[in-house]
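See the structures that follow.
Look at the two complexes coming up: chain A is in both, with chain B in one and chain C in the other.
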Partner chain A sequence: MALLITLAFRNIRRNLRRSIITLLAISVGLTVMLLGLCLQHGSYNAMIRSGVSQVAGHVVIQKKDYQEQREPLLLLTNSSQIKSDLQKEFPDATITNRAFLGGLLTAPKGPTAASIIAVDSASEKTISDFPQKIIEGEWLDDKPESIVIGSNMAETLGVKLNNKIVFSAQYGKNDIAFHVFRIKGIFHTGSAEADSFIAYANLSMTKNILMQDDVSHQVAVHFEDVEQSIPATEQTRSKLSIPDIDILSWDQALPDIQNMIEMDRVSNAFIHFVLAVIVGMGILNTMLMSVLERTREFGVMISIGMKPKDLSIMILLEGALLGLLGGVLGIILGYLTCYPLVTHGLDLSAQMGDSYDAAGVTISAIIYGAYHWPSIILYGFLAVFFSTICAIYPALKIIYLKPVDAMRHH
Partner chain B sequence: MPIVKVQQVKRHYQQGEHAVHALRGVDLSIEEGEFTVLMGASGSGKTTLLNIIGGLDNADSGTVEVDGHRFDQLSGGKLSDIRLKRLGFVFQAYNLIPVLTAYENAEFVLLLQGKTTAERKKRVMETLNAVGLSGMENRRPSELSGGQQQRVAVARAIAGKPALVLADEPTANLDSKTSSSLIALMKELNEKEGITFLFATHDPKVMNAAKRVVSMEDGMIISDEIR
Partner chain C sequence: MQFYLLVSWRNLWRNRFRSLITSTAMAIAIALCMSLICFNSGFYIKFEEIFINQRLGHIQIQNPSYSKTKALQDSIRKADEIYAHIRDMPQTKAISGRLQITALAGTKEKSAGVVISGIIPQNEKQITTIHEQMQPGGNYISDEPKKEIIIGYKLKEELKIDLNDELLVYTQAADGSIANDLFTVIGIYKSGSAILDRGAITHLTDLQEMMVMQNEVHEFIVISQKSEQPELLSFSQSIQKDLKQSKRKVYTFPTDEDFVPNTKVYDARYGEGTIIEKDMQGITSIKFSDETREFGPKQRATLELVDVEHPRNKADVGVRTWWQSDPTVAEMMGMRDVGTGIFLGLVFFIAGFGILNTMMMSVFERTREIGILKALGFRPRRIVFLIIVESILLSCLSALLGILFGGFLIFLLVNYGMDISGGTGKPLSFMGANIDPVIYGHFSPSESTLPIVALFCISVLASLWPAIRAARLKPVEAIRQE
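Moving on to the complex of A and B:
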């Protein structure tokens, strides 16, 4: 085998210009794929991070069926007890309770539909990126009348800081309930939907609307790393013994985001496959030319006792070596090309505004790339695999080579 | 027992609609230690016969037995084994492996034979010394003259200690002086190491060195002269 590897390596060096062109085709193809992967994983991370921080968590506890039905009266009771139990289980995590209330916000200028996210203000401040989007006033304090609204909503309602607004809603057979807010802050995300319809309030205000104490729709556990989601969800399922609740990992709590990511992955994989086939044709051409040129030499090698099978292995090794060298070069080029995207991000705010909405989540228009090393290593291996596959046909041609015919070849 | 025994071997090639009869029923027997030349004009069938004896081509009919093995009864793998261990080849166009050095070309057969590093080194140095190429071990074929390349080819052919070396027009691309030197080298190997040589050539210098000259014409042996 050492002989075959030596021969394969030297054969690649023999026609250096052709080998370099093939290596460039492999490495540039791989660089393009890795660039796509980098942006892809960066945008997935942003979507997950935004989704998890704004409306879910890495572990989400909700009343059974709330995930599907979104029925406001499917409430977790004793929600502060659940939060405290979880805090003991995960002392390093940030845990928050949330209630999602739809209704009307009314000001002297007129009403507007609103989606109020009632939160534990202190926890939410460390989790959500909305507190950083405040352009006037400040984030929520712990008073039940405090509210933070979007800039578009403020304009629609014709209100300013410290103005009063009234929230009204009716759930189930209850009478219409009212709650008076005083505007504590105004945020601007750049997303028209978020700035027009979302408002943040303290969880304590829910008592007036839902007529129950210590309730929420969701207790959400937040970790530093999304990878902790699945094991922590399993751990919570085994420890928390409360009837009629759902314990969800981030992807179960955010199925729309998960589905978008999956669809994007599939379409990207298809594009990458097409790219790999195009590069593969280049490799196949190189290998066929290289085999054709050496037909006479192969005839000599078979004549002096080399088995055609070993020659075929040598050709496969040449393909694998081209893939290996191209793969390593491609990974290096890909790493360097992705570096500015990872450190400075790709600013799409000129095209999309400061933020955009996807699957009900507000995401920053600056997309930071991310190195996803398992995918990078996998693509490196795929370069070797595809390159070897492309050498199969030329290698098979040699198996049937008759030495006397091969040596007549010019 | 003869090292080569060819009986009633026929071979034809199809050229378009015409069949070219390269061998028309050849009988030939060669004993160990012979230095034999197949002589004849171009198209007489000498290269075809040499290829068939070397297992590089198949006869249409008849039997070929080399070193006690009948080729028509062997698998492709076994035939490769015999070429590797019992036969050596020298071709008109040298046919060295261009990416390997002189040393590595001579070593190639030994590597395929599975010899150890020490055995290979000893034998390669012996053969390169025998063909007069000491000091040129690290040169690639492109860095050697035609005569030197053919000496490497001879070194490669004899490195594996074959019973029989088949040489097809080995001097055709060499000048007169280099040819004479190469013939003398092979003659010496024949006499000192007892290697059997079978040549296909129309070089008179090779014929003059031969102990036996077999003349061919139109795919048949027309004379067989022992000197």
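Moving on to the complex of A and C:
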């Protein structure tokens, strides 16, 4: 075997120019794929991070069926009790309870529709990125009349800081309920959807609208690391015994984002496959040529006693070796080309605005690439695999080689 | 010439397996690029239909503040004058006025904040296709105002309301009083726009009455006889001229050409500033009193020019073409060729290595032969030519295979479409629109030849190096080589 590897290596070195061109084809193809992969994973990470921090958590507790129906009357009662129970269970985590209320905000200049996210202002401040987007005034305090609205909404309502606005909504068989807010801050994310329709208020305001005390739609537990999501969800499921609730991990709580990522992954895998086929054709060609031009040599080797099977293995090894070298070179090139993307990010804000909106989540338009090592290693292995596959046909040709004919071959 | 063709053909045929593999790789590249272009055109035709034809129209006439604030009171007053005027212009194909309000709408059990559009049914039918997207059993709004309303299917699910039910609408009217009215749900539609599908549509006159906004609209949507950009631009300019003549205060929206160095601009957040430079990507650096900031095309949409006849807040009407009023849509339409271009470039860059490899090998294995040709008095130029002809012949073969294979893929795409949701049938949610996930291709002969042209260029380029090397061979050494 060692002999075969040495031979294979020498054969690759013998026709250096051809090997280098093939290696370049493999590694450039791989670099392109890794670059795509890096951006892909970077934007997935951003999507997940924004989604988890804005509308979900690593462990999400909701009333049964709220996830599918989004019915505002599916409320968690005793929500502060759930929160403190969870805090005991996960002392390091940040826990917030939220209510999502749709309704109408009115000011002298005119009305506008609003989705109010009623939160625990202190916890939300450490979790969400909205507090950092405040351009006027400040984040919520504890008062039930405080509200933070988006910059477009402020324009539509024609209001400034400290102005009063009235929220009206109607749930259940109640009459229309009103709540008077005073504007505490204005945020600007750059996403038209968020800036026009989202507002943050204190959870205590829900009392006036839902006519119930201590209720929320969701209690969300946030950790530093996404990896904690699944085990913590399991732990919560075993510890928390409240009837009629759903306990979800981040991916169950954000199915739209999960779907988007899955769809994107499939279409990218398809494009990568196409690139791999085109590169593979090149490798096949090289291997075939190198076998054909050595026909005479192989004839000699077989006639002095080398087994055709060993020769085939040698050809396969040549393929694998080309793939390995190309793979390593490609990964190094890929790592280097991705580096500026990972450290500086790709700034698309000129094209898309400062943030964009996907599946109801506001995501920054500066995309930081991410090295996803499992995929990178996988792609390296695929390079070896593909080029070995491409060597199968040329290797098979040798088995049927007749020494005498082969030696006559010119 | 015939001589070159014959020799090249024989050379290719001599190693037919190699030639076939190379041309198969090229053919796959061509076929994929062709079908990608076909798919892309299909996607953009759909995009254009949803975003331009239905949402934006060709030309929008709005109160200039409305485009920024979307506030109820920023409306166009004396709307009938403008309507009659534009309707009679020869370039106009259709025009429709819209009033857009937000209200709390619902039943006795449940309500939600909803955007309600007031439209003129007979005019709107010439512009949007909602009347064709009604679910069975329901009707479109009658031509006369009868307090009828049609609602999107999402809103129907959310409010648990059905045909012939009463919809209670509650909001604040333009004069600050409480506006309250009952409408009858006569139809449910599914439009493909997420915003519309969660909204409702009623007769303009009914809505104007409820909101105390007689003879006011928020926007006019105009469809032109000709949809090409230069025609639309001149149409929009003649509308502006006419409006000025009829004593309207017309705001001139700044266009990209206005954002040149030394222009004074105003931004609501940072105050007054001066443009100091504009780079190749259209990003402008603007010096404000505190610091210099960069504005991309998208962020520039809210900037105002300081020296204009009627500033935004003092004018009562503004006219824009679709690409001026929605830079994001314009950007998307502009991206149309960029994505394809990048993919095409990548595929052919990688495919180019294949050709380079093949041509290199075919030159090196013939070193001796080429030496003999030179010894016989063949000029170097003729050898270069011979090898390039060989590579072009190889491309012809690839193109032929590629057209066959690509044609088949295009046939499938055009006739059966491609489901990009991977079979789940979930609509593609994109910039507020729910696009049907089955995308049908659109075949355009001129665009489809692009990959073939690219193939010929790349194959000539890739064969240049081997050809020049061959031409430089010294006959004696070349002949000696084994």
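Just so it is clear, the second predicted complex is superposed on the first by the 410 of 410 C-alpha atoms of A that agree within 3 Å, B and C clash if a C-alpha of one lies under 4 Å from a C-alpha of the other, contacts with A are read in each partner's own complex, and residues count from 1 in each chain.
The definition used in the following text is that a residue touches a chain if its C-beta (ideal position, glycine included) is under 8 Å from a C-beta of that chain, and two chains touch if they have at least 3 such contacts.
Owing to the predicted nature of the structure, the values given are computational and were not obtained by experimental measurement.
Of the two partner chains placed by the overlay, only chain B lies in contact with A:Gly305; chain C stays clear of it.
Looking at the shared chain after the overlay, A:Val404 reaches chain B, while chain C stays out of its contact range. Contacts of A:Arg10 after superposition: chain B is touched, whereas chain C is not reached.
Contact with chain C, but none with chain B, is seen for A:Met263 once the two complexes are overlaid on the shared chain. Using the contact criterion defined above for the overlaid structures, shared-chain residue A:Lys88 touches neither chain B nor chain C, since it reaches no partner.
On chain A, the patch touched by chain B and the patch touched by chain C do not overlap at any residue. Chain B contributes residues 51, 54, 56-57, 76-77, 80-81, 83-85, 87-89, 91, 95, 97-100, 108-109, 111-113, 156-157, 160 to its touches with chain A in the complex.
Note for the complex: chain A touches chain B at residues 3, 7, 10-11, 13-14, 296-297, 300-308, 402-404, 407. Chain C meets chain A in the complex at residues 15, 17-18, 21-22, 24-25, 28-29, 32, 68-73, 101-104, 106, 108-115, 170-172, 174, 176, 269, 281-283, 294-299, 328, 331, 343, 346-347, 349-351, 353-354, 356-358, 360-361, 365, 420-422, 424, 426, 429, 432.
Contacts from chain A toward chain C in the complex involve residues 17-18, 21-22, 24-25, 28-29, 32, 102-104, 106, 108-115, 135, 152, 155-158, 168-173, 176, 188, 190, 193, 196, 256, 259, 262-263, 266-267, 271, 274-275, 277-279, 281-282, 284-286, 288-289, 292-293, 349-354, 358-359.
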